[in-house]
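There are structures below to look over.
Same chain, two partners: chain A is paired with chain B first, then with chain C.
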Partner chain A sequence: MKLLRAILVRLMTMSVTLIGAAVVVFFVIRVVPGNPIAMMLPPGATEDDIARLTALYGLDKSIIEQFWIWLSGVVQGDFGTSISLRQPVMPLVLGRLPATLELAIFALVIAVVIGGALALTGVRHRETRTETAVDVANGVGLSIPDFLWALILIVLFGVLMPVFHISGRISPSLDLPFVTQFYVFESVARLRFDLWWDLLKHMFMPALALAIPLAAIISQLLKQSLKETMHLDYVTLARTKGYGENHVILSEALPNAVLPTLTLIGVQFTFLIGGTVIIERLFSYEGLGNMAIDAVINRDLPLIQGIVIVFALLFTLINLAVDMMYALLNPRLRHA
Partner chain B sequence: MLDGRGSVKRKLGARLWLSGTWLGIMAVLALFAPLISPHDPLAQDLFAGRLPPFWVAGADPAYLLGTDSLGRDVLTRILHGARIAFSVALVAGLATAFVGSLLGLLAGYMRGWVDVVISRLVEIWMAFPPVLFAILLIAVLGTGLTSIIIAIVVIDWTRFCRVVRAEAMNQSAMDYVSSAIVAGRPRRDILWREILPNVLPTMVALLTLEMGIAVIVEAILSFVNLSISTDAPTWGGMIAEGRTSIHQAWWVLAFPLGVLFLTVLSFSQFGEGLKDRFDPVLR
Partner chain C sequence: MSAFLTVNNLSAALHGYEQRVLRSVSFSIDTGEVLGLVGESGAGKSMIGKAILGILPTAIEIVEGEILLGGQDLQKMKPADRRRLIGATAALIPQDPLTALNPSRRIEPQITNRLVDILGWTKADARLRAMELLNEVHIDNPERVMASYPHELSGGMRQRVLIASAFAANPKLVIADEPTTALDVTVQKQILRLIRDLQARHSTAMVFVTHDLGVVSKVCQRLSVLYGGKIVENSSIPDFFAGPKHAYSRALLAATPKYTDPDASLLPVDEAVIEAVAAEVLESDKEWRHGG
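Then we have the complex of A and B:
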């Protein structure tokens, strides 16, 4: 009962946040100088033509009226029509979202693997030079944002030792049998491992750039929790039973130390998704973020609104999922 | 134990020293850039395009770090870029700290509806991808230094607000605040004279981190070509230009990237070092 009420309250605040985000974006972008309609017409278009198209996109009405029209459309799943691409916004956004999600999930996997490995190494060899090295790696990884890691990776592995692709999502010469936009998942499902490998080779650099700061955060927090757990009585007991150090860390300490890190990963995952905007641009990866930057440059108001709302929805959903996962995993909250 | 404390302290000291030295050198170079730069940052010389740095064959020793595709001196542009980067870091950092901390202090100390409104605003702000928000704001405000600074403040005030709010709530629960209330001191007085001084160390450490972030945001906006003007010597602009000619002239990208890397790393390490130094447990 208590849990149900908590979820209801969360859903309420979530919708307030989403509507707030919609209001902020809607009004901010309508202050943008530069008429999007004038930009889509060829030079020499008459005043009449401009006025007609402005009315067609509803841009002649007051901002409050425009917001109301837009919001009632959104509730029915209609996000309007893109001005620069002249297609409905919803399919455009949904067509790009899978590329961004695949990139973000791949980055998350890399971050968990690297971060977890660093933390375990640091704890296994604590109070030695190895731990100091892990600490230094964490410090540098945390200090430098994904944008700079991406550039460094481009210089190192795109130019000096060109082993990975630094542009695009998949090699343009390949024949694509896909019906969904989830290329990575679909290529596995179709057992087309040649395509799968090509996709991964394109995704690896941008995903790694996104993953490094998160890996450092994971490593730092997990190592700290593990070290605290290692002093607890039950871990000492396991040791006196004669279990080896590896067993003690992995089977005894880790399950109890992992909860704070899991929560943190959830929160940080939204930051990682936010980072895809500029990373996709850097690597010419055809995802939602790259489309968003083009939309801003083209003053494509309906498309900008649609993309921002989808991002905001994604972020709030992830936060909700994190809270629910925390409630399920934390025994103290579960039985409350 | 004593030994352990000593080594922790030494490590902290080295971190503050190294990062502080780099930031100090860059600040001085930025300040005197027009006096010490070997060339004009905007002067083009198409016959001296893409000259390599001095140790590579075919270099002209007049251009120590080489030239870009338009024949502009890379070293000069890095020095002048430092001026822009440090101005943005200082002004945007301070303004962000001011706005965010003020709202955070109010929310954390006043609680009630003030806290509800401010916290809800923070939550709305957190629902935007920051880079997209920045690009959007620059589209609204137009390019230029002032726009960049405003954009950074508008986007990043939440970073200060969240931390300072939590810290102000912690401090409000302390005994010294209760005794000040019992002594009949006015609320405003308690906020400015008791709580603010105790939150200040956290704010200073955050400010240093924020300055590093401001440098990055400026670079990202220059990279998307929305910063100042395509000609102006910004690190982000140089990186964007270098990215396009990376296979012909790696130095156009590598040098500004290296300087940016060390500067951002130093700001962050300096902030972390300060945070530890202020931490009463470690001290």
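Then we have the complex of A and C:
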């Protein structure tokens, strides 16, 4: 009963969030100056041409009316037609989403691995120079934003030591056998590790740029909560049983210390996805973020709306996943 | 009978400080014997237990003396060997049962992990042993308790679990650090009886830390009175209650409510006595510095 109510409350908040995002973006982008029709017509177009096209896209109607038309479409799964690309919005957005998801997940994995390793190293060697070094690394990671890391990485590994690709998602010369847009997953499933490697060489730098600030946050918080946990009685008791430092950290302290970090990772992961917009642009990576910038430049209202809705849905799903994981890992909630 | 635990002239100090936390502490305990360790808060009672078990805070180090456990000098052993020896022969009953169990693990592995990981028992044997011990501490449904998480058990139940866990590996030495202070009065008595019974049945040497002289008279054969990290008196129980040798012990005994009137409030210890014993402790620091 309790669970059922929790799920219901959850679904309600998710719907409210999504509707809120839809309303806000719909009205805000119509208040901002800029005419999408003027953007798509050649310089010599007449007033008549403009009026005709404006009517075609329904932009001559009142904002409330436009919203109603759009919303009734959305309810039926129709998000309208992109003005700049002249194709239905949803297939366009869903075609780009996998590229962004793969990039974000890869970045998250890097951040968790680096952040976790740094935190564990810092705690294993606490109160020594090693911990100081970890603190310095965290400080540097945090004080430089992802897009500056991107530029630093481009100079380092794209120009000075060109080992990674600095542009695109995959080398254009390659023949692609893919049927889905999840190239990385599909290349592994097809055992095409040549393609997989090419994808990773493209993804590595944008993913690392996104990952570094998150790794620093994870490392900082996890180390702090590990250190606090190491003083607790049950950890001390485990020592008296004959266990060494490594076991005590990994088996006794980590499972408890990781819980607050988990919540933080959820929130930060949504920020990281927000960061893909600029990072994808910098690396000409063909994801949703890159498409979003084009859509804004072209004042492509339906496309912007579609992208925002998909991002909003993604964020609410991530929050849901984090809450579920938290409940699963915390025995106090598991039995509640 | 030879002593199972001997602490010889043990001093500990905050890293880089002259002032000691433990001041040339010496005592020994035979197999099957219980030594009471009494003293006011901050006297260093827990510190002695931690020094023996190798869990001193990182800031505090042993600066002189030796700890002999079953004839082996702990200070001279390699850290990993020392850890294993302590894990195999000694056990701690902690003060606060609410914080001494890992909240994210079930009870069973928290009792059996030492048996399996350190002593190399099979999981099945360790499980049987855990059931047996939970029976010994009068837990009616050991299966259910072993499958529980700590937050599902009451404080008294958790302390029973911790006692069972402490005695599971047949330790030769148990250090009970105020094992009943965190429990309410009715449960205190039961837990105390449990510890005493288990100790007697297994002939365990035990250090019993408390500030309750009434409890000491029931559980211990001998006691050491601690002030400022220094043992000011070592006595057998009958001798002590017949008439403590040290002025501070006398004041401590006088401050304890009589059994005939257990509700009487604790009297403050006379200021003059405190000043005298504090001066004595500081004096011993001077001698120590000149000697060493």
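The rule is simple: the second predicted complex is superposed on the first by the 334 of 336 C-alpha atoms of A that agree within 3 Å, B and C clash if a C-alpha of one lies under 4 Å from a C-alpha of the other, contacts with A are read in each partner's own complex, and residues count from 1 in each chain.
Here, a residue touches a chain if its C-beta (ideal position, glycine included) is under 8 Å from a C-beta of that chain, and two chains touch if they have at least 3 such contacts.
What you are looking at is a predicted structure, and each value in this text was computed from that prediction instead of being measured.
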Fit or clash - chain C, chain B, common chain A: fit
Contacts of A:281 with chain B and chain C, given as first, second, both or neither: first
Chain B or chain C, by number of chain A residues touched: B
Chain B versus chain C as contact partner of A:239, first or second or both or neither: second
Contacts of A:328 with chain B and chain C, given as first, second, both or neither: neither
Chain B versus chain C as contact partner of A:250, first or second or both or neither: neither
Which superposed partner A:174 touches (first chain B, second chain C, both, neither): neither
Nearest Cα pair across chain B and chain C, whole Å: 8
Residues of chain A contacting chain B in one complex and chain C in the other: none
Residues of chain A defined as touching chain B within the complex: 13, 16-18, 20-21, 24-25, 28-29, 31-33, 139-140, 142-145, 147-148, 151-152, 154-155, 158-160, 270, 273-278, 281-282, 289, 292-293, 296-297, 299, 304, 307-308, 311-312, 315-316
Parts of chain B lying in touch with chain A, wherever the complex brings them together: 120-121, 123-124, 126-132, 135-137, 139-140, 142, 212-213, 216, 219-220, 223-224, 239, 243, 246-247, 250, 253-254, 257, 260-261, 264-265, 268-269, 272
List of chain C residues in touch with chain A within their complex: 53-55, 58, 80, 83-84, 86-88, 90-92, 94, 96, 99-105, 113-114, 117-118, 149, 151-152, 162
Partner chain C, residues of chain A touching it in the complex: 127, 232-234, 236-244, 247, 252, 255-256, 329-332, 335
